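Each of the next two complexes has chain A plus one more chain, namely chain B in the first and chain C in the second.
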Partner chain A sequence: MENRPLEYDYTVAKMFMLTTVVLGIVGMLVGVILAWEMAFPAVNTIAGQGLAEYTNFSRLRPLHTDAVIFGFTVSGIFATWYYVGQRVLKVSMAESKFLMFLGKLHFWLYLMLVVAVVGSLLLGITTSKEYAEFEWPIDIAVVVVWVIWGLQIFGLIGIRREKSLYISIWYYIATFLGIAMLYLFNNMEIPTYFASGGIGSWYHSVSMYSGTNDALVQWWYGHNAVAFGFTVPIVAMIYYFLPKESGQAVYSYKLSLLAFWGLMFVYLWAGGHHLLFSTVPDWMQTMGSVFSVVLILPSWGSAINMLLTMKGEWQQVASSPLIKFMVLASTFYMFSTLEGPIQAIKSVNALAHFTDWIVGHVHDGTLGWVAFMIMASLFHMAPRVFKREIYSKSLMNTQFWIQTLGVVLYFTSMWIAGITQGMMWRAHDEFGNLAYSFIDTVSVLHPYFTIRAVGGTLYLVGMFLFAYNMYKTMTSGRRVEESELQNASPMGA
Partner chain B sequence: MNSADIATFQAYGYFFFTAFLVVVLYGYVYHLYSSQKKGTRDYEKYGNIALHDEITDPPVEEISKNDEIKK
Partner chain C sequence: MFHWLEKRPFFFAVAVFVVISFAGLIEILPNFAQASQPVVGTKPYSTLELAGRHVYIKNSCNACHSQLIRPFKSETDRYGHYSLSGEYAYDRPFLWGSKRTGPDLHRVGNYRTTDWHENHMKDPTAVVPGSIMPAYGWMFKNTADIDTAYAEQLTIQKVFAVPYNKEVPLADGSKATVALADSVEGARASALEEAKVIAADMKDQDVKDAVAAGEIPEIVAIIAYLNSLK
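Here is the complex of A and B:
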């Protein structure tokens, strides 16, 4: 035992890989149920009137968003951190009992939080703030888990052998700091039971902000949760996994540094675009629009850097499904970071706001970019952490095409639905009377809602293929030697 | 100070702050490329940190004990 050579220790990475897969399926399954509920309202009571409280749209919706954000994505961030962190810092978790303890504690507390969140949301216990629905006891626990992760990050950095921090590490640090700041400020709340001297439920709270201030803080949080949850850590992943899998060093390291600082500075000011034509000051709305458009530059800086990394190696896209996932992810990143700024332009927003086009935008970003990149990362990690080749390459290819079709059906149907909705809402006759009632829009949108549900279902089918492939890799993939793991991941037929 | 003065002050402040940030940004670009050209620092070698990341690989830039002593 004592004489064994030093190796990276992936115990904690494996634990978070498991929650990534499981919570991904749970979150997306709930999403698919919601999509069918939108198309066919009878699905709301599919389990009978008695259980309707738990199956209706409004009860399940926060469960979907929170499961895919704080469950699937955040697990994916943790799983890749516990893998990438060790490797680019060239230090093993096995070298520090304390950091290993922190890693495991991090996982088990996180799992307890997941249980608390799922339970409380199903029971309808919520602060009613979008993406910040957790009540104060859970918020405190979230902070504890986040601080433990931070200690782990900086602890590992503290004992590193590699002097320079690879660009991915910068992005992980930014994720940690960004979310810490956003979460703390947006969840400032007063427990009503204690403040009122014993009235109401002990877990209930009200936000410290109200009215326009509440809206501003909420969308500063909401938009930057997209920044520091769906962009920054996913960029961290692609900067490591694409070069590693393709065997090509990042095209321009200098551009990666520049894009990093650009993204950090610009993103934080763009949240105002969620509040265009609302009660917030006009200059703040304009600033939100302008910064959203400027945001194209740092976003495309990273995305183009990734595509250029593949320069001269494009045949890998055809031959490797893993490279396909990552190249499609970075393409969807470019696409949604162009679409977002377009929607943030005031005149476009006047049409797009509150329509399904926004929902389409969120999903081409999350399904096409975030989830594809997380799954690609896990596929790359699997042979290294389990010491087995990926069970099936053809299954990966099948999953890729099914899910790509799913995303395309999703966003195209939502484009058409959203623009139709926007046009119908604003249409009026020569006297200024509205031309359509709300229910007119609903009947016109029905086919597109159905197409969206089909697209979502296809994506979920892909998730099951992903889970099966990962399970078979773990249990029955061919055992591989260290020498096979240099770059391109070994895959069975 | 009346509200017109405040608005003027804001506008000047906004302009100069933006101009300052643009200078900082381009200064950073210049710094990156000139350091690379002069040979002060080879940024592009850090791309290899991801490629040579086995625990047995030599670090691209090692932390030496001397660094800490010098500081």
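Here is the complex of A and C:
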């Protein structure tokens, strides 16, 4: 009994894997609809005039961002936590009835939250603050779900056998703390129904901060939600899954230390780059700009550490689609964390801000880095969780190339669109008058909007292939023994 | 030191929290009080304007329109004077936006009229050929939520001392007072008075009939809000 290897319990991990896939498809489908609406406005009323209120761009836009952030990505974070956490702490969820209960409670409350969010956003119940659109009742539920996750994390750490916390655990802890702090402060709001003695709608609230202050808090949140939602937990994943899948040790422990503490210290300062040339004090803008450039160091520290982990084993990139996903994710991380600081330089920002170049930047980071890494993690987990080999390697390869093409079309078209529009906005004729009316600068974007919509559609097609491959793995992949699951994941043809 | 921390989750978490929290303290706190002072000429929103602001938010207008004019010649040429911090003193939440799929709206009240907005919301391409903005037909049918706007006014007056029923200075040296009713019924009545002025400039017969019958369609409220942006 004593010598038997630990049997990890993946019940909760499986639940969150399901929501990762489903909400990924939902969120990206909404995104694709939005992209076609921008290219061809008639799509806004595709379900008829009667439903136009719910299919039009402005209602769907927050639904897209929140579905991919809080639906797809956060589900992916939870799914990997319930897998990685047990394994690196050398403790099974089955050992504690309480932690198991917390895990399941965590999932079901999260699912109820998803339903509430989708419903309220479609009805137009929003605070308007980006990625913090939820009204106060949902905010309270979010805090409860997050605290339950925190209890689960520290509960599992509390009963661990492996005393030293592996690098991934550092990043999960930071994710928990960072989001908790940011979300609480940015969503400080007063319910008007109670403050006014029972007048108006019960769910409406008013922000505790006004104007410039509100903007400052919001972008401190908005920027760092990217840090602690799209960077920190995804780094947690790659530090576990890349060494595991490739069978290579992490290249440098010291570099991982430097990158972790550097990222923690530097990231929070950079929020000001969303507010360049706004009414925020100049010194804050400059701080935001300078720290954004410094941020290249810790970001590239992690990325280089991961790429060098593959040293001497590069043939795996050619032979394994799973390694392909992770190496490309890491490369997109480097690319995106170089592009971001460039956009944060004041003179570049003057051109890029408010244009589609920013949208392009977000998507090369999220589609190329975040989503690729989450899908790679799920691919690695599937054989271990379901005890079956991945259904189809060739399908994985197909998915990889379709989605890579999709991302490339997306960001290249948005670069051109953004820079074109930025240049046209500022162009003056020989007499010093504006050279273009606003609508000129919109009409010119039509081809790029179309290319972007095609790119997004390709990516969505890849998502369907991903879902199909996962489903087939779960139901009809060949059964595998524990001995086949040491490193490289077993894959069917 | 790091090896020591890695074996002590509690102290590790504390260390992470300290490292991530002080950037916010240093960047956000020092200018907090100063940034919330209104400039001369900035007035609190009336009940109807605030209800219109809620319609603006409900439909995420801020997803495509900014309300922040940057201090560049190309922007001041196109939109008017660059934005000042104090002009946003009564904006809860701020609506600067992060993307200009459509033009900036911070001073749209200076150069667009009720009539223009009515036509534009019904069919954007009728006034701006080639526009990719969707039509907002439902705003002509849905009723604006005046009660909630009034509840918000009461809240911000009580909690943040927003100067309703008090004189505020205007740019030309005169003073203005934004009245706040002392009951819901009073707020509905004053919003309706404002709505009648807007509806008088509109053509849509259903909207005119609704206002005459004491109902305020969303379109009237949002036009009141857009006209207030100067």
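The criterion applied here is as follows: the second predicted complex is superposed on the first by the 487 of 493 C-alpha atoms of A that agree within 3 Å, B and C clash if a C-alpha of one lies under 4 Å from a C-alpha of the other, contacts with A are read in each partner's own complex, and residues count from 1 in each chain.
Here is the rule we use: contacts are C-beta pairs under 8 Å (C-beta built on N, C-alpha and C of every residue); 3 or more make two chains touch, one makes a residue touch a chain.
From a predicted model like this one, the values you see are computed outputs, not experimental measurements.
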*Does the chain A-based superposition show chain B and chain C clashing or fitting?*
fit
*Now for A:163: first (chain B), second (chain C), both, or neither, which partner does it touch?*
both
*Is A:375 touching the first partner chain B, the second partner chain C, both, or neither of them?*
neither
*For A:265, select first, second, both or neither according to whether it touches chain B, chain C, the two together, or no partner.*
both
*For A:88, select first, second, both or neither according to whether it touches chain B, chain C, the two together, or no partner.*
first
_Greater chain A contact set [chain C / chain B]_ = C
*Is A:178 touching the first partner chain B, the second partner chain C, both, or neither of them?*
second
_Using the superposed model, give me the angle at chain A's CA centre between the CA centres of chain B and chain C, as a multiple of 10 °._
110
*Give one of first, second, both or neither to describe whether A:250 is in contact with chain B, with chain C, with both, or with none.*
first
*asked:* Contacts for A:409 in the overlay, against chain B (first) and chain C (second): which applies, first, second, both or neither?
replied: neither
*Give me, in Å and rounded to a whole number, the least C-alpha distance separating chain B from chain C in the superposition.*
7
*Where chain A meets both chain C and chain B, residue numbers*: 163-164, 257, 261, 265
*Provide the residue numbers of chain A that touch chain B in the complex, in ascending order.*
5-8, 87-88, 90-92, 160-164, 166-168, 239-240, 243-244, 247, 249-250, 252-254, 257-258, 261-262, 265, 487
*Give every residue of chain B touching chain A within the complex, in rising order.*
21, 25, 28-29, 32-33, 36, 43-44, 46-51, 53, 55-57, 59-63, 67
_chain A-touching residues of chain C, taken from the complex the two chains share_ = 2-3, 6-7, 9, 12-13, 16-17, 19-21, 23-24, 27-28, 31-32, 35-36, 54, 57-64, 66, 68, 70-75, 77-78, 83-103, 128-138, 145, 147-152, 154-156, 158-160, 184
*In the complex, chain A residues that touch chain C*: 37-38, 41, 44-45, 49, 52-53, 56-59, 61-62, 124-130, 154, 157-158, 163-165, 170, 173-174, 177-178, 181, 185, 190, 192-193, 195-197, 199-201, 204, 206-207, 209-218, 220, 257, 261, 264-265, 267-269, 271-272, 274, 277-281, 284, 287-288, 350, 353-356, 358-359, 425-428, 433-434, 438-439, 442-443
